[in-house]
Structures are given as C-alpha cells and as structure tokens.
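Down below are the structures I want you to see.
In what comes next, chain A is part of two complexes: it sits with chain B in the first one and with chain C in the second one.
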Partner chain A sequence: MKSNPFAYVISGLFVLLAHCAMLANILYNGNYEQIGDVWSLAAAVLGLDLAWAILMPFFRQHTHTVDFILILILNMSLIFQSCFGGVHLSVKHMITCIAALIASRIGFLVCRDHNWIARQKKLIWIGIGLVMIVILLFTGSRSMWIDMGSFTIQPSELLKPLLVMACATSVAEQQKKHKLLWFNVVWENLILLGITAAICLLQWWCRDLGSIPTFAGIYAAGFFMRICYPKAKFSKKTLIGAGIAVLVIAGIGIKLAPAYVRDRLFVDIWSDKTGNGYQQSQALIAIADGGWFGKGPGKGFLHNVFAYESDIVFSTISEEWGLLFALMMIFILLLMLAVPLINPPRSYYHGTLAAGVCAAFTVQMALNIFGSCNMIPFTGVTIPFISMGGTSMVTSGLMAGMLIASQSPSFGKLPAKKKRPSARPAVRKGAGA
Partner chain B sequence: MENANLILCAVTAAALDICALVLIFAAYREKSTAKKRWARISSNMELVEPGATYPLGCDEVLIGRHASADIRIPDLSVSRYHAMMTVSDGVWTIKDMGSRSGVYVNGVLVKEAKLRENDIINLGSRRLIFRRRRDKHEK
Partner chain C sequence: MKSIKRTQRIITLFLLLFITGMAALVIKIQRESPFYMMNSDKHELGMVYDRNGEVIFDGSGKTQFPEGSLIDLGNLIGDDKGQMSNTLVAQNIDKLNNYSFNAGLVKEGGKAAIYTTLDHYADRAVYNAYMGAKGCAVAYNYKTGEILVCTSLPNIDVTKGYEGIADFETGTLISKALYGTVPGSTQKVSTVITALEIMGADKLFSKSFTCTGHYTNKNGDVIDCHNTSGHGEQNIQQAVENSCNPFFAQLVADPDMPLNSIKKVYSRLGYAVNGEEEQYIDIDGIQCERASTTLVDSNDFNTQWACIGQGETLVSPIQLMMWQSAIANGTGKMTMPHIIDRVTDVYGEVSELSKTTYSKQLFSEDTASTMRQILLTNGANHYSGSIPGYTLGIKSGTAQVKNGDEDNSLLVGFVDDPRHPIAFCVLLEDRYSTPVTSEQIVSAMLNAICN
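Up next is the complex of A and B:
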C-alpha cells in the first residue's frame, strides 16, 4: 500500500463510484416495493467496500490490484443477486461474498511462499484423497451435494484449488527423472495424472460431468507449465501422444455418456422448448428481451426459471441490466485473470498457480455463458463470484487468493537496504577556520 | 423518461468502464514496483561476460546451450543444461546440473555453491562474472 498510495486511493474511489452508479440505476430504474430495500442494499455494498478499503493497508502484500478487482466483482455480484425478481438485499449471498473475501486471504497466506508450500506437498495430496473419500461416502452416486440441514455443500468444488496447488508444487520435480521400463519418467507427473483421472472418474460417478472440463483445464495448464520448466525435456512425440490420448478419451466419454447427456449434445432447443431445451430457450429469449441496456433491475421474467441465479445467471443479468453490462462483468473477471500477464510472476511455482486459476475460471465462464447461449451443450457450471452458491464462492475466493499470491510472492527474508552515500560533500568541522 | 433510463444505464456502464481502465493503470504501476522489489530480492545481481549481460529475472535461472535455457550460451564446451542458479533470502546459489565440464567458482570445482559479488564462474571455456547490476547511465 505504501508503494503506490495514489494509484490505490484512485482505484478505491473508482470502485466506489462504479457501485454508486449501479445503485443509482436501481434507485431510478429498479423494481422495488419499498425504498428501504434499496437503502439496505446500498448500505451493505458501500459498507463492504469501505470495510475492505480500511482493512487493505493491514494486508502484508505489496500489490493490491487483484484485491480491488475482487471487491468490485463481489459487490457487483451482490447487487445482481439482490435484484433478481425485485430489489431486496440477499443476505445469504452477502454472507457468501464475505466468506469468499476471507477465503482469498487464506489462499494468499497459504500460497505466497513456494518453499513452504513445497514442503506441504503430501498434505495437499492427502487433502485431495480426503475430499474424494467424503464424496464417495456422503454424496452418493447420482448426487454432488451433501445436505447439512439449512445449507448444502458441494465437496467436489474444493478439489479445484487443491488440484491447482498440486500442479504448482509438482513443477520443480521435473528434473528428477527415473527409468521405468524403456521410459524416463517423473514420478510426480504420473501421480498427478492419476489424481486427475481419479477426480474425473469420481465426477462421472456423481453425474457432475460439467466439472470434468474444468479439472481437465487445470491439469492441461499445469502440463503446459511443466513443459516450460527448465530441463523438462518434453519431446514432440510426447505432446502428439498426449493430444491423441485426449481425443480418444473424449470420444470414448461421449460414446459411454448417459442418455440424458447425449440428448443434450444433440438437442434442438427450439423444437423441444418445454423439455430439454427449456432453460436455454428461455435464457436466449431473455437476452433478446433485455437488449443492450436491459429492462431494469428486478424487472425480468427469467427469475421464474430454475437455476436463474446460478446456471443461467449470464442471461438473467443480460435481461435485467443489458447485454452491455453482462459483457462488462465478464471483462472485469477476465481483467482479474489478466493481471499476472501485466505483472508476470517471478517463479515457476507462482506462474503455474496463476495459469491453473486462469484455466479453471475461463473454462467455467465459457461453459456457463456458451451453454446458456446454446453454443455448446448446457452444463450446470457456475460463473466464478457471480453465480449463487456458497461452496463455489469460497473456492473461487481461494483461487483469487492464489492470484494475489502470484502477484505478491514471498522469497524468504529480504536483504537489508544498503544506505546510499550522501550526495553532500563531507565537510570537516572547523575546516573554514 | 425512457431516454433518461437509457442515459442512466449508459452512465452506469461508463462508470464501470472507467473503473476497469483505472485498475489497468494501477496494475501497470504495480509492475514497476514489483520490478524494484525483485531487484531487492535478487540483490540486484546479474551475470556478465565480455560482450553480453544476462539479467537474473526469476528465482530459478537455467544456464546452458539448449534453446530452452534462460541464459543461453551457444558454446560447445557448455552443456545443454549446465547449471541452475536459485535465489533465497537474497542469496544466489549455483548448482551443477550434471554438466560434462563442471562448474568452477573462483577456480574451485563445485557441485553447489553460494555466490558472492564479483565471483568468477567458469562454465566450459566461458567465464562469467557475478556482479551487482549497473544502471545504463553509470560508467
């Protein structure tokens, strides 16, 4: 905070200004019964902005842009979710937003020092194993949720940050090659491949097929970062072989997919508007209805359709706020992912961490947006930070913390600053006498 | 009234646009701060040989003849993956990566050694000096 105070103050003010503009839009354009609903939403949003701005100087990091983007996007999400079907503060979503902010701090503290996290590598693997056992024991073969009474948890979401960390910590092992039959192999590459395959099979078993591309994306990002690592020596043959293997597995996957998944692959939504194509057709009609500037916050009809706040949230926002605003929201999310490109990480570990997070977020956004626009088969994947869902928000927060860690890494103790010699010529006392 | 609503929507979108722009500028400001911080972490060191200066830009720097090396030395006496330099707590360490001709620091053959300012590193027939970075305007 000390290094760029002016830039950070201006950033904070503009984040506040953007939220104020959105709240003014609700005040004049929104659908609300009592003005008090708008004021309570405004108090929540601006209070969260101010609280984060006050806390930020106490964070032990030297870059804060991702923090500002995080609070910008989270409060935008709180405003969107509070407006669907009429303006009223969504307390549940506000709590998950605060949980995401806390998770981002945890993600940052855990991932900032690559020497420390490399020593905890086995704990990450154990963590993945434990989550997988919990899924096996508690969710059941056709479900991905654990019912905890007043709320539900989706444990498979927790595997995403853990897999990103496993990929990042294994990068440094590329130089330790071992002879296995006729091949020189790195044990950790095989372990990581095994973990990813086990996660994908588990997702298949739970019928959470939409998450498989996200895990595959994280693994692919880690794989390409390992190629870039010094002395990794990935040959062209290995790469071509990996590409063919992916195509073969995808082909077998489509062939063996359950009937409802194959139906979704080839469904014509307009001839099946009341069946498999219901959500997508309604989502597309809503986008067209909203136009560039939207019907107004809380004035849409899509909130009557199932999963309006999660799986087809892009269309719900387009309808109420306009396509322009929905695209801006995606741009802000992409901006968060682009920060490591502006300020590249200084270690392979942090680079892999950032690449894994970018892959996970980009695949999730693509599946959600293109799915609800009928460009690809419809999946139940959330947009990070925008869609409603506690587990999704917390894991997205953890991964945002990893991005912050890639921007403010720790490389051990800093060497003490050397004092510059004084520019003034030394004058001996009494020299003029 | 309809026009007023449209204007309000456009203003909201514009406010978000400007905010995004400001955040991009802030990220670029941070880039220069991060550069200064890296200079402090890496003790502002570089490798130099006659006619070439190699900055130490990340915490693991591979020196070798291979095209994928961070510091590429196109000399047959240097192995493809010759040595790796790493930094921790502001101290640089050089490690032999199983090279044929070995790594010599101040004339002594080493497997791994901590480097100090003005150490002379011999890789094959090439001689590199590990020194503090000099600004362009410095003579």
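Up next is the complex of A and C:
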C-alpha cells in the first residue's frame, strides 16, 4: 500500500463497486419478503469490504492483489449463499467467511518466511499425524465428520494445507541423496510419498474418496516442483515409471472401489433421475432453466435439493444468477490462482506453495463442477470459498494465505549454529528480504 | 533462475486443464440444455405440421381440432402424456420445446415446430378406406425417403385423452407399421432376391419345379399350396405370380441354394437370423423393429416355411416397404425413410433439415433389375384391374396368424412412375371378416397421394 496507495484505493473501490452491482441486482430482481433483508445483507457485505480494506495496510506485504480478490470472492459467496431460495443474510456463512479471512492472515504469517517454517517442518509432520489420529479415533470408518453439537468439523480438510506445507518445506532437500540398495534416494521424498499414501488410505477408510484426487493433485504439484529443483536429476525413466504407477494405482482403486462408488462412476443419471442421478439431473436442469442470465436471486428451485449450497452450488448459482455470472465467479477464483504468473514467487519454497494451492483449488473446483454436471463421477467436494462449510472455508483461507505469502515472502536469517546451506532455497536474483 | 519459472508452467498447466474442462462444460450445456429441460416438468411444446402446413399436434393445447380429425395419426404422432413412447412427439420432444439456452423457456410466441413429411389428407383417406377393419398402411417416396402415409388401426384420438384406456383394443397405442408381423408370401420377394444373389438370373430362370398342390420334403413334412390342384411345372416368374409354396420349398431345398449362402443374403437384407440380436431401424428417433427369421436346415419344414413367409419369420411393414425402394430404384440400396422434413427452433429458424440417405448395398443392381421386372410383370398381369391407373410392381401375401385361425392380407410394391415414386405396404388383418380388400386400400392410398 505504501508503495502504491492509488492502486490500493482503486482496487478497494472496484471490489465495493462489484458488490454494489450484485446488491442492486438483488434489490431490483431478487426474491425477498422485506426490503430490510436486502439492507442487512448489504450492510454485512459492504461492512466486511471496508473493514478488510482498513485492516490490510497493517500487514506488511509487497502486494495486496490476492487480498482484494479474496474479499471480492468471499463477499460474492456471502451474497450467493444469502440468496438461495429467498434473500436473507446467511449469518452462518458470514461467520465462516470471516473465519476464512482470519485463516488467510494466519496462513500468510505462518508461511511467508521459509527459513522459519523449515525449522518447523517436523511440527508439520506431527500435525498431519495428529489430524490422522483424530480422524481414526473420532470420525469412524464410514464418516468424515466429527459432530460437535451445534456444528460439525471435517478434519480431513485440514490435511490439505498441511500437505501443501509439507511439500513446500521439503523441496529444498532434493540434493541430499542417500544410497538405498541400488537407488539414490531423498529421504524426505520418501516421507512425503508415505504421508500422501497414508492420507489417501485414510480417506478411503473414511469413504471420503472425493478428496483423494485433491491430495494427489497437491502431491503431483510438489513432485513436479521437486523434479524442477536444480540438480534434482529425475530421469525420464523415473518419470515414466511414476506415471505408470499412478495409472496402475488408479486402475486398482477403481477395481476395488466400493459398490456405491462404482455406481456413481457408471450411473446413467437420466435413467435413474429419482435415485442416484437425482442431484446431478436436477443440477443440470437448473443450469438449463437459468440460462445465461439466471432467473433472479432467490428465484430458483434447486435450493430444495440436498447439498444445494455445497456439492451442487455451481448449478444453484447458475440457476439464480445465470451461467455467465457463475463463470465469472470461477474466473475470479482462477484469477487468484493466476496471480503467481504475473508476480512470480521468489523461491522454490514459495513456488511450491503457490503450485500446491493452485493444484488443490483447481482439482476441487473440477471435481465439484464437472461432477455435479455429470462430466465425471459425482464426488461431493466443495468449491473453495463458494460452497458452504466451515472447515472448508477455513482451510481454503489458510491456503489463500499461502498464496499471499508466495507474493509477499520474507527470508529470515538462519540460526547461527545450524549451517544448512542446502536447506536455503534457491532465491531469485535480486529478491530477498 | 530459469528453472524457477517452471512454477509458472505448472500453475499454467493446472489452470489450462481446468479452463479446457470448463469450455467443454459450456459447450455441453449449450448443446444438451433442451434435453435437460425436457426432463423437467417445464415444457412449452410447439406444433407438429403435415407436409401441407396442417397442424397435426399442438403442444399448447389451444388448437380446436374437429372431432376425430386426428384419429388416423394418434399412435404415430403421439403426445407428451407419456402413454405412448415410440411416437414422433415422445421421441423428439426436446426439439418441440420452445426453449433454448439463450432465450430460456418461451411461454408465448415460441416457434419451435416439427414439419413432417406426412400427407394428412392421404393418411386420413387410407384410414377411412379400412372401413373399420384393422391393420396398417405405409407409403413413402422411394427417391427421397419422405414418409407420406403411415396409419394403423385401431387408433386413438389423442386430443380426447386416455379415459378408459383399460378397454382399448389391442394395438391401439402402437403403430403396427413399426412392429414385426408375419409377412406371408411377401417374404418370397426376399427369397427370390436371395436366389438371384446366389445363382444369378440365368440359372434361376432356367430352373423349374412342379407343384401338385403340395410338396413333401426330404424330412417327410408336407407343404401345401393354396391351389390344392397344383400349379404344374413353373419357372420363377410363374411361381411368383402364383405365389406357389411348393415351388419355393423346392427352391430352398435345391442344392444350388446352400443354406449358409441363404443366411448370408438374409443377414445382408437386414434379418436377424437364428436369434441374432435384434436391432432397430431408426426413423427420426422412432424405433422400427428389424426383421427376424429362423434358418436351420434346407430340408427342414420350419426353414422352408420361414422362406415362404410363415412360421417364425417376422418383418415390419416399413421394412417390407424399404426393400421395395431398393428394387424400384434399381440400385440394391434402400432409401432410408424419414418422417421429419425440418425442425424450427424457438425463433422459427430452421435448426434441422432432412436429407435423403441410403442403406448399404443389400443386393446387386442386376438382382434389383431382375426383381423389379418380376414384380412389374406380376403387377401388370394381376393388379391392373383391381388397382387401375398405375404401373405397379407388386407382391401379395397371406399370413396365417393366431394358429391359422385368421389370415392377414398384405400387399407390398411400388409405383413405376417418376412423377409418383411411391413404395408401399398394406396390411389388412383378418381379411375374411372385413368388407374391404387390400387392393382397395392400396388404390385409395395411391389415389389420395397422387391426385
């Protein structure tokens, strides 16, 4: 902000203007019983915009681009969720949006300094282990939720940012090769592979198979970053072997998949539109009914279908706001992920963070949108920031914080006694603290 | 740091993959959204017209049709009530919906419509010609494939709804032209084509068999002729004209007609032989059953009986008519029938336009030419009096049904006139209890179409 206050103000005004336009659409075209419902929503949205714009300068960052995109998309989400089936402020979603914003700050503060987080690497692994133990002990083998009374937690969501962090903190270890039988191996690569495999097996055990591609995507992004690391020397044979292994594992996975999963893989939704194909067929009908410009905020019917606010939220938004607006929403999310293309990360660690977050978000969006629209099996994962769900919002916020960290990195000093030159990330010329 | 830019490449890869998927999704939604809407309860159906612009179905329900004016078309055109599935409207309801992704569901003034090739005037004339008898009649232009007439009796006036559906006569809710029926001696057209393909015209015409009124095959089974005193010695032309069963039984058993060759030609003609998986002929979404027969042993009664057109052979009237096109055109390729001429979208723009298509080669042009001449000779010798005014290639058939308790009469043929290239098939059920003949129905049909 200090370097370019004009851009900061303009960005803030743009966000305000976008939200005002959406609120005006609700006012003139929405389905509400009392005008007060619209004003309360407007107050919440614009208040959050202003509060965020005021708070941001207190954080020392090189750029606030991701922050503005984050508040833009979060308040769009709040507006969408508050309109489904009739305009009324969704207090629950507003709280989770605020939680996501706070999480993004935490993600930023925790991840911005590579040297500091590298020293906490084992804590990240322990964190992953603890979450897995919590899942094993508290969710049960056919569930992914822990019931806390008035709300529920999906602990497996927390594994996503932790895995991104684990991948990023290990990227600098690529030159530490050890002889194992006939192979030169990097211990941390094996540890990461083991962690990812354990997470995937745990997801299988929980019957949360929809999350497995997300973890696989994060690992793949980390893997690609590792093989790009200077002198990592991954041979083509290794890469081809890894590709074949992935295909074999995927094939075995489909073969061994539970009956309900195979049903979803091969279901003809239109011949079973009152059974297994109900949500998807209704979702597609809703998109068709909404057309390009939608039926109007709060005027849809899809809110009568289970998981309208999470698993099939893209269709619910398309129905009420139109496919054009739903695509615009996705475009804004992509814009957030594309920021590292304009302002490249300055170290492999921060690059891995950005690539991991990009992988997690795009895989989740693809699973949600293409699954609900019957292009791929329906898995029931969430769209980051758009779908309702507290745990999902918080973890998405944490990952957005990592993205912010990749834009505003800091490179703190290493402890004097621990000389680990190889752990220092390769830093782009001219960059640094 | 050149290699650090790979971060951007990896991010770009993920984003591009996702954007490609989104583009595919938008295209999919654009293309399939009418189908999605038809699976909802939100319809605004448009009109179906005949070839002269007469409304033969109004999805809005606003048109007041004269009492019983659509009775000839009910089980072919159908409606959106879900009682009849194999009908034009049921199978093309997404085309008829006044919906597009761009315009949404248009409640007033939508111009989605199906313009059919049917001639309602002729269709109704044929329906009336049955004089209450049961059966079906179908005719099409064998040059273009346009179906002109397709009526089936009993039928239903869909504008009256389905009250008392339990008391409807059997066959009311299906168009019989689409379903297999025992073809009777019209099957002999296929058998002659088969013989021509296997041994050629010269050899076939050189063969003669004697009919004494019945024929006892090598297995000791007797095949009777409708002429109990026998037709004497005949060649193929005479046998077709006499529709002589013993001749054809002997032809099938002839050593020059190996069973495997018969099966091959029958399969090429489109028969499902010996329990092959039955497929359907698609006519603008309407499914027409494919012919089926059983051919086991040349000396077996059932095999000979099947080649004569009785027993287990089943052919739909539409397929019988389609074979006539391959003969009439002299190409050995069937002109594929269609019932939709064009479709207009919600704005009235033509979104689909029919075109003439042909089947693969069923038999050689020489076979088609010879068969054509045989049928034209038969028409000139036997039908010029009962169906006056037309140069016809024609073959009759009598199908024994209900264990021989009833005889159905069939006539298949074509008009040899470039101005009226019509191929047809008429089925008259229980011929002896009706006041009308199949010839009279064909005559009425041709008069209505051509005049």
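Everything that follows uses one rule, which is that the second predicted complex is superposed on the first by the 412 of 433 C-alpha atoms of A that agree within 3 Å, B and C clash if a C-alpha of one lies under 4 Å from a C-alpha of the other, contacts with A are read in each partner's own complex, and residues count from 1 in each chain.
Everything that follows uses one rule, which is that a contact is a pair of C-beta atoms (placed from the backbone, for glycine too) under 8 Å apart; a residue touches a chain by one contact, two chains touch by 3 or more.
Keep in mind that this is a model prediction, so the values were computed, not measured.
In the superposed model, A:Ile332 makes contact with chain B only, not with chain C. In the superposition on chain A, A:Ala21 makes contact with chain B only, while chain C stays out of contact range.
By the touch criterion stated above, A:His62 is placed in contact with chain B alone, chain C being left untouched.
In the superposition on chain A, contact of A:Ile54 is made with neither chain B nor chain C. Of the two partner chains, chain C is the only one that A:Met375 touches; chain B does not reach it. After overlaying the two complexes on the shared chain, residue contacts for A:Tyr348 are found with chain B and with chain C alike. Residue contacts after overlaying the shared chain place A:Asn115 against chain B, while chain C stays out of touching range.
Look at A:Ile10: by the touch rule set out above, it reaches chain B but stays clear of chain C. Contacts of A:Asn29 after superposition: chain B is touched, whereas chain C is not reached.
Shared interface residues of chain A, touching chain B in one complex and chain C in the other, are 228, 230, 347-348. Residues 4-6, 8-13, 15-20, 22-31, 33-34, 37-38, 40-41, 43, 57-60, 62, 68-70, 81, 84, 87-90, 97 of chain B touch chain A in their complex. Of all residues in chain C, those touching chain A in their complex are 1, 3-8, 10-12, 14-15, 17-19, 21-22, 24-26, 28-29, 32-34, 36-37, 39-40, 42, 99, 101-105.
Residues 217, 221, 224-225, 228-230, 270, 273, 281, 284-285, 287-289, 291-292, 323, 327, 330, 334, 337-338, 340-341, 344-345, 347-348, 351-352, 354-355, 358-359, 362-363, 365-366, 369-370, 373, 375, 426-429 of chain A are the ones touching chain C in the complex.
The residues of chain A lying in touch with chain B in their complex are 3-4, 7-8, 10-11, 14-15, 17-18, 20-22, 24-25, 28-29, 62-65, 68-69, 72, 114-115, 172, 175, 228, 230-231, 293-294, 296, 321-322, 324-325, 328, 331-332, 335, 339, 342-343, 346-348, 407, 411-415, 417.
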